[in-house]
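Listed next: structures, encoded as structure tokens.
Note that chain A is present in both complexes that follow, paired respectively with chain B and with chain C.
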Partner chain A sequence: MFNLPTGNIGGQELFVLEFGDIVNYFSPYTAALFVFALIFTVLAIVSRPERQVDIAFGGDAYGAKEVSIDLMRFQRFMAIACGLATLGAMVSGDVFNFTLFASLVGITNIGIVAAYRNRHVLNAAFQYGIVAMLATVPLFGGAAIILASTGTLSMWELFADGVAVPIIAKAFLVLGVMGEGMAPFYVAKAEITRAQGAPFILMVHVSSLLLFLRVIEIVISM
Partner chain B sequence: MSTAYTVGLLVAVAGLIIGFMAIVRERDDLHRILLTDLAEVLALVLIALVATDLAEALILPGLVVGISELMAVSEVYIAKEGLQKPHIEPAFHIEVMDSAPGILALILVAYGIVLSGFTGGAVAAVGAVFYFMCRDHAEQFELIETVSGYAWVIWIAAFFIFMFLPQYWLFAVMMAGGAILLKVMAKMSLVGTMRGGSNV
Partner chain C sequence: MKPNRSVITRISETISRLENLTTLYAFFFVVIAVLGLVTLPFITYHDDQLYPKTIDPNSSLNPYDRGGVPFGTTPVKAQYPENSPYVGYVTTYLTPLSHWLADHTLHIGTTIVAHPGGIIDEILYNTRGLDTVVETSILFVAFAIASYLFRRDN
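Let's turn to the complex of A and B:
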């Protein structure tokens, strides 16, 4: 059988940031994810929205779609907020903080997607919003079961060898993150990818990818 | 684990199964929002079952996240359906509503500042509620939001003083007390704007 060294799956901690009993940390693994999220947050801050070109079929006429300044500002704000939430989720050393950051990513993803005034896009955003809301149930439920069975939420203690976290709590945690990070599957709908705003939509993909990577690290280490 | 926890967990899981089945069967979008909110309450129940001080501290962020998601989805629903608020005339208007609110609100707000903290916030808020109920409140609404935002920043700054400069605790207590006054007042005065209007 496989024999993973579960104690330090993410490597030794490089840097520790202490807020009272909530201790954030960087391991080589989470630091890499953090840098990745940071790069994309900076990209969201500096980039300008894409202006799509519509070509009239059968002729040689074309027109560029205008992106209104309000829409651009709202989406940029949501994308930056999404980046910050992702950064928080990457370095969090506390299970409940991680779940809070995960649901914050879910909220900002709804914001990014819902900025368009297009009925189909809004329909997809609405369905995603319902899923993201329902996902908070297993997300917080998983954290609560971890707290009830081990008496702590600190990853420093949960990652130790002697602490047994019930499998149902791990499953709930993964299920919750799946729900919150579901946005790319809705984004994959043609209506949303056809809408303008390319650099900000990217943030939806980046955040959910990083959330998945991080929750897998947490679940394996526990 | 105690029997009470196990029984509570079973009840919560039963509630979850019922709630999720209802969401799957429901076709009306508005009803689905409401049902999801019910399911979120069960997430809070799962946390509350732990019944320790830490669990108590976790309820509030859980609730805030749930409400903000509910608000985001509701906004999407409103935009999706293209709903607009109908214009509503004020229910009644009498002469004393023009003259009294200024003076009474001033007295109550001033007394609230003397009291400070939660109590002061509540007293000052009564003044603000009365003022907004009697007068037109369309303009002041953004002002309340701004004040509330600054109060939050002051409150957080006070906590940073508690953490990093504990020797200045009295200053931090004063800052936090003043900010709580503003926060409570801003939140409660929204009650006064609940009779319809363009910004509400």
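Let's turn to the complex of A and C:
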């Protein structure tokens, strides 16, 4: 049990956390991602939101945008939830459990940006929401194909040499994470970043980046 | 006259428009789904499933009959049995109302499962407890977003 079938991607495991059939593992790779997510979660907990200042070009006028306390609280809650979901996804040792965490990351990302009233931001959040909804189909479809074709969901079994995971299941998994985390779709994110409240908005980027790094590790190891 | 634009310029202009985002994702989705349909005949079903599903049409709990004796031990497959020493110990316990329903009709198996306390079973959930936690968290976050958006104008 305490010997990862492939040590060539993330190295050997350092620590194992057992939840029944779901056995989470910390290899140097996943532990590094975990620590990175942990740092940003702590930053989201302790920091205060930035205040954007709009400067009128060619004049002395400027205006500061206020972040109301309600919005700040809600965003902080969503950012912390997003950080926790990212922490779970980083060390998850089970494919279905990983897809659930990815889905949780997607919905908390929508929660972070949905609370604004800015028209551009809401437009981006709307498009992003549609993609995230659509992405649950390939995400869970990929996990379902893996379960049907190999009979198991545990990464400890799937990473072994004798188990052949269909390439289409891997493609579905990557496509699903792309949609949930929006890693390659930076056009929507550029709009989202117009919103004020920097540390909480940055959680959207951190979580999707880490999620994408993790799914690549899973897909290569399988 | 439009300047002579390269292919890369046109592609980058298309994908930089936010309105095309959903279309772009749907395009990827369709391409991979078609590839999936083509390769589907080559995927074989693995017979030795870790989470098997059987359907017994004569059971009043069909299609959710998980079998087993209430408060007895039932053999349950687990990936790592050493992590779940009590697996299959509590299984398929019906509340009195559900029991009455199950005794009198064959046709409301879904209703029995869907109402609160219908079937309390631990066949799957004892081994996959973390999944249940995350699923509930997703629901909770969705309700939190909806309630915040609904109440923020008050």
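Assume the second predicted complex is superposed on the first by the 205 of 222 C-alpha atoms of A that agree within 3 Å, B and C clash if a C-alpha of one lies under 4 Å from a C-alpha of the other, contacts with A are read in each partner's own complex, and residues count from 1 in each chain.
In this text, a contact is a pair of C-beta atoms (placed from the backbone, for glycine too) under 8 Å apart; a residue touches a chain by one contact, two chains touch by 3 or more.
What you see is a predicted model, and the numbers here were worked out from it, not measured in a lab.
J.: With the two complexes superposed on chain A, say which partner A:M133 touches: chain B (first), chain C (second), both, or neither.
T.: Only chain B is touched by A:M133; chain C is not.
J.: Quick check on the superposed pair: does A:L147 touch chain B, chain C, both, or neither? Answer first, second, both or neither.
T.: In the superposed model, A:L147 contacts both chain B and chain C.
J.: Classify the contacts of A:G179 with the two partner chains as first (chain B alone), second (chain C alone), both, or neither.
T.: Touch partner of A:G179: chain C, not chain B.
J.: Given the touch rule stated above, what does A:G88 touch, chain B (first), chain C (second), both, or neither?
T.: A:G88: touches chain C, not chain B.
J.: Considering only the touch criterion stated at the top, classify A:E157 as touching first (chain B), second (chain C), both, or neither.
T.: Only chain C; A:E157 stays clear of chain B.
J.: Does chain C touch more residues of chain A than chain B does, or is it the other way round?
T.: The partner making contact with more of chain A's residues is C.
J.: Determine, under the contact definition given at the top, whether A:F77 touches first (chain B), second (chain C), both, or neither.
T.: After superposition on chain A, A:F77 lies in contact with chain C alone.
J.: Just to be sure I read the superposition right, which of the two partners does A:R119 touch: chain B = first, chain C = second, or both, or neither?
T.: In the superposition, A:R119 touches chain B alone.
J.: Where on chain A do chain B and chain C both make contact?
T.: 19-20, 96, 100, 103-104, 107, 110-111, 114, 123, 130, 134, 137, 145, 147-149, 153.
J.: Spell out the residues on chain A that touch chain B in their complex, using ranges where they run on.
T.: Spelled out, the residues of chain A in touch with chain B are 19-20, 96, 100, 103-104, 106-107, 110-111, 114, 117, 119, 122-123, 125-126, 129-130, 132-134, 136-137, 139-141, 143-145, 147-149, 153.
J.: What does chain C use to touch chain A in their complex?
T.: So the residues of chain C touching chain A come out as 15-19, 21-22, 24-26, 28-29, 32-33, 35-36, 39-40, 42-51, 78-80, 83-84, 87, 126-131, 134-135, 137-138, 141-142, 144-145, 148-149, 152.
J.: What residues of chain A sit close enough to touch chain C in their complex?
T.: Going through chain A, the ones touching chain C are 1, 18-23, 70, 74, 77-78, 81, 85, 88, 94, 96-97, 100-101, 103-104, 107-108, 110-111, 114-115, 123-124, 127-128, 130-131, 134-135, 137-138, 145, 147-154, 157, 166-168, 171-172, 175, 178-179, 185, 187-188, 191.
J.: So in the complex, which bits of chain B are touching chain A?
T.: Within the complex, chain B contacts chain A at residues 1, 5, 16, 20, 23, 29, 32-33, 36-37, 39-40, 42-44, 46-47, 49-50, 52, 54-55, 58, 61-62, 65-66, 68-70, 72-73, 75-77, 79-80, 163.
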